[in-house]
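Structure, as structure tokens:
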Amino acid sequence: MQSKETSTPQIKRSKLPKQIRQGFGIIVLLLILWRLYLVFGVEQEYTVDIWARLLISGLVIGGVYSLIAIGYTLVYGILRMINFAHGEVMMVGTFAGYLVLEATKSITVPTPDNSLLSFSNAYPIISVILAFAIGMLIAATTGYFLEKIAYRPLRKAPRLIPLISAIGASIFLQNFAQLLFSPQTRDYVNPDIISRGAGWTMMINDSKVILPYTGVLTFVLSILLMIGLYTMIKKTKLGKAMRSVAMDKQTAALMGIDVNVIISRTFIISGALAGAAGVMWGLHNGLVYYFVGFLPGIKAFTAAVMGGIGNIPGAMLGGMLLGLMESLGPTALGISYQLKDVISFVILIVILIFRPNGILGEALSEEKV
Amino acid sequence: MNEIAIKVDQVSKIFGGLTAVNQVNLEIPQKTIYSIIGPNGAGKTTLFNCISGFYVPEKGKILYFGQEIQGLSTDLIASVGISRTYQNIRLFSNLTALENIMIGLHPKFRSNWVDAIVHSPRYLREDKETKQEAIRLLNFVGLAGYGDYLAFNLPYGVQRRLEIGRALANQPRILLLDEPTAGMNMQETQSTTEFIKKLRDDLGITIILIEHDMQVVMGISDRISVLDYGTKIAEGNAAEVQSNPKVIEAYLGPGGAALAEKFQKQRRSNVKSH
Amino acid sequence: MNRQEFQKFSQHGLVFAIIMIFLVLVDFQTMFATVISKILGTNVLRGGLPEVQYMVIFLVLYSLWMGWFISRKEENKSRRIIMTLVASLTAGVVVGLFGLILNSLIQSGTDVRRYLAALSPESMKLFLLNLDGLGPLALLGVFTVSGLLGGVLSIILQSPSVGKWPKTIKTGISSTWQKFTGSLPPFIRKNAKYLAYLVLGIVIIVLPTRWGSYNNFVTGLVGLYIILGIGLNIIVGLSGQLVLGFAAFFAMGAYSMALLNAPLPHGLMWGFWPALLVGVLMAVVAAILLGLPMMRLRGDYLAIVTLGFGEIIRILLKSDLLSDFSGGPRGIQDIKGPTIFGLPFNNDVQFTYLIIAGVILAIFVYNRLENSRTGRAWLAIKEDAIAARATGINVQRNKLLALCIGAAFAGLAGAFFAARNQFTGPNDHTLMVSINILSIVIVGGMNSIPGIILGAFTLKGLPEILREMENYRLLVFGGLLVFMMIARPEGLWPAKRPQLEKKIKPDTRDGDTPGKGDKNE
Amino acid sequence: MKAMKFLAVFIVLAMLLAACGQAVATEAPAAATEAPAAATEAPVASGAPEDVCAADEWGCAKIEPGQTIKIGMGSPMTGGDASFGIDAEQSGKLAVADAEDFNGFQFELLAEDDMGGAEGGAAVANKFVADPTLVGVAGHLFSGASFAAAPIYEAVGIPMLSPSATNPGLTQQGFKVFNRVPFTDAAQGSAAAEFIYNELGIRKIAVLHDGEDYGKGLAEIVKSSFEGLGGEVVEFMGITSKEADYTPVLTTIAAKQPELLYFGGYTQDGAVLANQMKTTGLENTIFFGCDGTFGTDFLNRAGDNAEGSYHATPRTPPATPEKDKFDADYNTAYGVGPGELSPFSWNSYDCVTVLITKVREVGFVGSDGALYIPRSALVAAVRGLTDYVGISGTYTCDATGECNIQGPQFHKVENGEFVAVN
């Protein structure tokens, strides 16, 4: 083993991959700018009222995505695993809310004016609160048992194992719901005052733009829940414990934190958020069936990654961004709505090219030594 | 004096607001053992990371036999002859000791995946050489018989040795050793020190050493630099550095020369009783 | 037994009762009784109900299992009896109460199927053992008695005299086996390996002609998924990149075959073999396109990006934008099969051979790569990308190479797939396909060829075997997936490197090896 | 080496297991209970079965006494489209229940899950052809599965009658066995375009489709026919099916101010669109659906928003006593109405019934008491279906296997009910 005694070694420099990578991102960005220019600068087909409507719908759907994405991010932060069954937890919440609203609808509270007045119309606020409470409760319970049965035994296993277990749980829950409730698509029965389509009407450009009550409810509630969660994580003892478990489970355990309890509670919290998102979904969109959680689940996972997985404000931002992109993107780029997911994913890729850890992801470089 | 193997020229590395390495100059002659010491957080490992290409310094140049290497990719730097070990051992822990060394031999050979599938003459030749060379290296670092053990099952000292063996596999001209004796007992430290000397003397490898054990440092270093808060505060041979008041201050705070002497004694006796 | 324990065991009973109630809510018990009935030889027509005795058998089996499960861990016999009794009684009471509810539903003629679709009056009656009002009482009886019996059974089975049986049998078998192998002529003993290959080869050649098109179909399907699994294993298992959009490469192969070897939409009848080649190349091109910008991403980021890539490919193939080119949602039909020397080679038996040849090729390539310089570089990257880089391995190039070779396998499988079905469409390349392939690799055991084969048999064969369970098959499948992961997290047939598994006794020094704590997890 | 041995053993075992499973599956029915009743109603017992079967291109299906005559059905019963499959199975079961025994032989419906795709379709088809007592297949429901399955049935002579696979290619490939009862896209699409242009006098429409096989085919025909008539299609767009929020798409369309929105797809999405049109600036635009959106389910889900919308059905008025009976039976048996899970409840019933009827026509009892069904005769009989009045329409198959060649009937929703308008 002789050291090379020859003259100084020659170094060939090549930095191609990085340029290709960024070049790809720049090409896509230029394409996007070109399309934007066409739509906004040249064609100018759409007026302000159209954009207002798209914005409203994007914010509402973004709120729902954010709530679900937070669930992914919380669990990821603590267990470093993708909870693939999270969308199904949301589906369970949607169903629970549906059943509550059906029940309140079927109970009549006769009044002098209306002998057939249903409970949900007589006390709409109580009904909706009940739907949210039970939806969150059932979804949280599902999340709790999901962790206990499908993930806890795998705490020490390599990272891909819980992922497969989660996929199994997802398939199981989906099919269970299908068998339990039949594959039929059902409609949420909203109390009349917040029926779908009702809302504040604004006139923009002589055109009626409706700000739906359910949409406002969804958006405001999701923002409130997020603020609540954020304060909880930052301020309360549980939040601190969660953060410390997320940083280092062993050390946290040494500090006297019961890691299992904290993980369980994380699943309860993320389940409750998903449940709330599910009920909102139902109230706003009206649909509930066994497959209802699948797409939002995937989308929210995308949102969580976009914002930087493990980062709560990132999940909120990612969710909102994704909602807006889905709603505004195709129109703004003049592309068919069939391709909206393509747009979302391409933008995700571009974001990750320039920020490999998501928008708000830890700024640590990959090569942390 | 020998040719300069590594020249660190006004290198600075900044993390956010923190300047981890601040305008450091080093000239490391070939075939010497050059130690970098300093208190925890002084920027020693960061400097290593700059040299081995993990970090790109914000300012300054790093010259390897006169050629700039800052900003080059790590694998390129490694394959031209700068190997390293890590403060926290980074072996491929689910692979065997032999495989670890074989991976270290990677830059030395050229056969690609097509060769592997068709078992071309080149592949067969190189495969044979790889195995022979790996076994030879294993023997060289004193790990004969450990070849088939998974790396994470090996005792700590052996893991350190194995890591050096892996670093040696691509016939480096420069070897960066990050605390090679950390956590070792007296005998192990002793033999490692001897081994490092052997690398310099027999193989002519230039060794840059980060070490906290002053006995080791003072015993084998040809030259020593002291970093504190990212800045070089002293340079010289063992005696010069030991007597430098700035160094003592950096380690023990103001007026700590006397303390230092006392501490040193205490430490020695501690180690012995252990 | 104190109150706390009493509570604990009644809780156990409650859990089993709740599981039972959930099963009833999806009408699982009827399906189970049907299966029991079929096993015992009484056929039940599709859509019909099994006879009541089979329901009794199911309930007895369930509560036997419950009793066994609850008492299995305790030492003291009398306590075991008491705790099983407590648990079974609780379960019986709860299930009985549930039966009362069901009975009242039947009596009042309430149709709950708007909300609970599976609760048809017939199956509820059957669950109540056709006894109407007495049904709940009967359920209570069945659960209590056979739960208790299960507890007793577990005591008997775990008693030392019986507990030895499995061991005795095992040693008996192994000694017989040794005697048997010892009695074989030395020629056979020496060449056992080659003989095993020979037998395997004969089986592979002979079986497809013998056992009918359905088994050929399932074998071919499993074979395709073995190829896919091996391809994905190169990416996930060897180079350690989590790819969730493997179906995209599969689609590339399938669509290349379809577009180049079908009368519509382009009418390019290039023939099977050129199309196969193009399919593999296109998959590699897709891998490069995906890999170049994305190789730098870490685990889960890469996962979602590849997932997105898979979806992008599928959506584009289905979209109006490319529908003239790719057939849109309709897909492409009438894809021609292969010919060899001008003779058609596309009946089910021949296709099975072709796929088996593909599998052998994949295994061959995989084995050669795994133990090569490239393979070691991949393993190093998977273990620790940073250290790998510092040993002079070009991480990104090697990752990309792994992605390309894996994708090439997927392209191959895709081309076979399209030609065999004579059709391919966007719905054959959904996210579920990617997930299935990943599950095969993980369930079988990463980096283990027998594991992947076993995984493909389990995951693609199992749903076919589970067809007897009709609508319940994916429910059972999902449950089994979770169960398998918990029972065997390292996979059904984990990669064995026996010569590498030597362990060393802990350090000769006293226990607290310094530095163990610093070691990165 | 040990691993190899295990592997070999395992594979052999797996193969044997699979083979056994197969054998059990096919033999089990032999143990069924009833002996065949006296063959009083046997249509033809003359002629040795061997002669007839030898003359038949594909031979005969021989059903031993005690076995059932099996009708297969391939449909997605799990996954996102499960409602289609479950619905078809449920309707099919009723059809079998309504069928009287044929010379003492019972009919049985084997509904298998093909997940709608080619892989599942081929799996199910291979499973079916392995069963010698399976004589016909009502399906497959989805075109992808049908494409993969048809060549497999073609090889052994099992006739198919699909209730819903609309891909035009299926009848253009020259399959002898494939037939279907749904509309052709061409018939419905051009009629719809003419109706919109001539009867409604509308000149400016937007066309949406759900991005799936059926909806897209239809929408394309509507677009080209309408433009051929001189009308203007302001927007032609696909949506992603099964989503819950289409307001962005509708908003964008509203900007183009069409007078009518044509939608090719199913109720699941159609109802959502009809609802959301009211909040997105399309409240004065007419919703024009197709036969995929017809049904009470649409009325329930869209409620008041369904008023004034148009839908299509087959030409025959749908109210017949048989249909009423089916509707009632379906409701009693499954607790939901037909058409609520998918629009193909009635088609599925008809498909199974047609197959059963045709089996009765060609089957005969041999001297050994077994039932013989000559396969090619059955294939020809199904293809030769003429003026069959079912509960979903009147069917006559043409030479390519299109069995619904009549034009559609359009319905308008008025006061919560469908009213025929042409």
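We just call them A, B, C and D in the order they show up, numbering each chain from 1.
The working rule: contacts are C-beta pairs under 8 Å (C-beta built on N, C-alpha and C of every residue); 3 or more make two chains touch, one makes a residue touch a chain.
Small disclaimer: the values here were computed from a predicted structure and weren't measured.
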- Message: Starting from the defined contact criterion, work out which chains touch chain C and chain D both, please.
- Response: A
- Message: Taking each chain's centre as the mean of its C-alpha atoms, which one ends up farthest from the centre of chain A?
- Response: B
- When you average C-alpha coordinates per chain, which one falls nearest the overall C-alpha average? Tell me, please. C
- Task: Report which of A-C and A-D is connected by more C-beta pairs in contact.
- Result: A-C
- Expressed in whole Å, how far the mean CA point of chain A lies from that of chain C is 29
- Message: What's the distance between the Cα centroids of chain A and chain D, rounded to whole Å?
- Response: 37
- Indicate the whole-number Å distance between the mean C-alpha point of chain A and the mean C-alpha point of chain B. 47
- Query: Of all residues in chain C, which are in touch with two or more distinct other chains?
  - Reply: 113, 117, 315, 318-320, 386, 389, 471, 474
- Touching two or more other chains, which residues of chain B qualify? 54, 73-74, 76, 86
- Message: Could you pull out the residues of chain A that touch at least 2 other chains?
- Response: 175, 178, 182, 184, 336, 338, 341, 367, 369
- Item | chain D-facing residues of chain C, complex | 38, 41-43, 45-47, 111-114, 117, 120, 192-193, 196-197, 199-200, 203, 207, 211-219, 221, 264, 315, 318-320, 323, 328-331, 333-334, 348, 417, 420-425, 427-428, 430, 432, 450, 453-454, 457, 461, 464-465, 467-468, 470-471, 473-474, 496
- Which residues, counting only chain B, touch chain C once they are in their complex? 52-54, 73-76, 78-79, 83-84, 86-96, 99, 102-104, 106-107, 109, 111-113, 115-117, 119, 123, 126-127, 130, 148-150, 153-157, 166-167, 169-170, 182-183, 185
- Item | chain A-touching residues of chain C, taken from the complex the two chains share | 22, 25-28, 113, 115-118, 236, 242, 292-301, 303-305, 307-309, 311-312, 315-316, 318-321, 386, 389, 396, 431, 435, 438-439, 442-443, 446, 471-472, 474-475, 477-486, 489-490
- Message: Residue numbers of chain D touching chain A in their complex, please.
- Response: 78-80, 82-83, 86, 211, 237-240, 242-245, 247-249, 251-252, 254-256, 268, 272, 275-276, 278-281, 300-301, 305, 336, 340-341
- Message: Using the touch definition from the top, list the residues of chain D that touch chain C in their complex.
- Response: 1, 3-8, 10-12, 14-15, 18-19, 21-22, 25, 28-29, 31-32, 68, 77-79, 86, 93, 96-97, 106, 108-113, 116-119, 121-123, 126-127, 129-130, 142-144, 147-148, 151-152, 167, 169-170, 173, 211-213, 216-217, 236-238, 240, 333-336
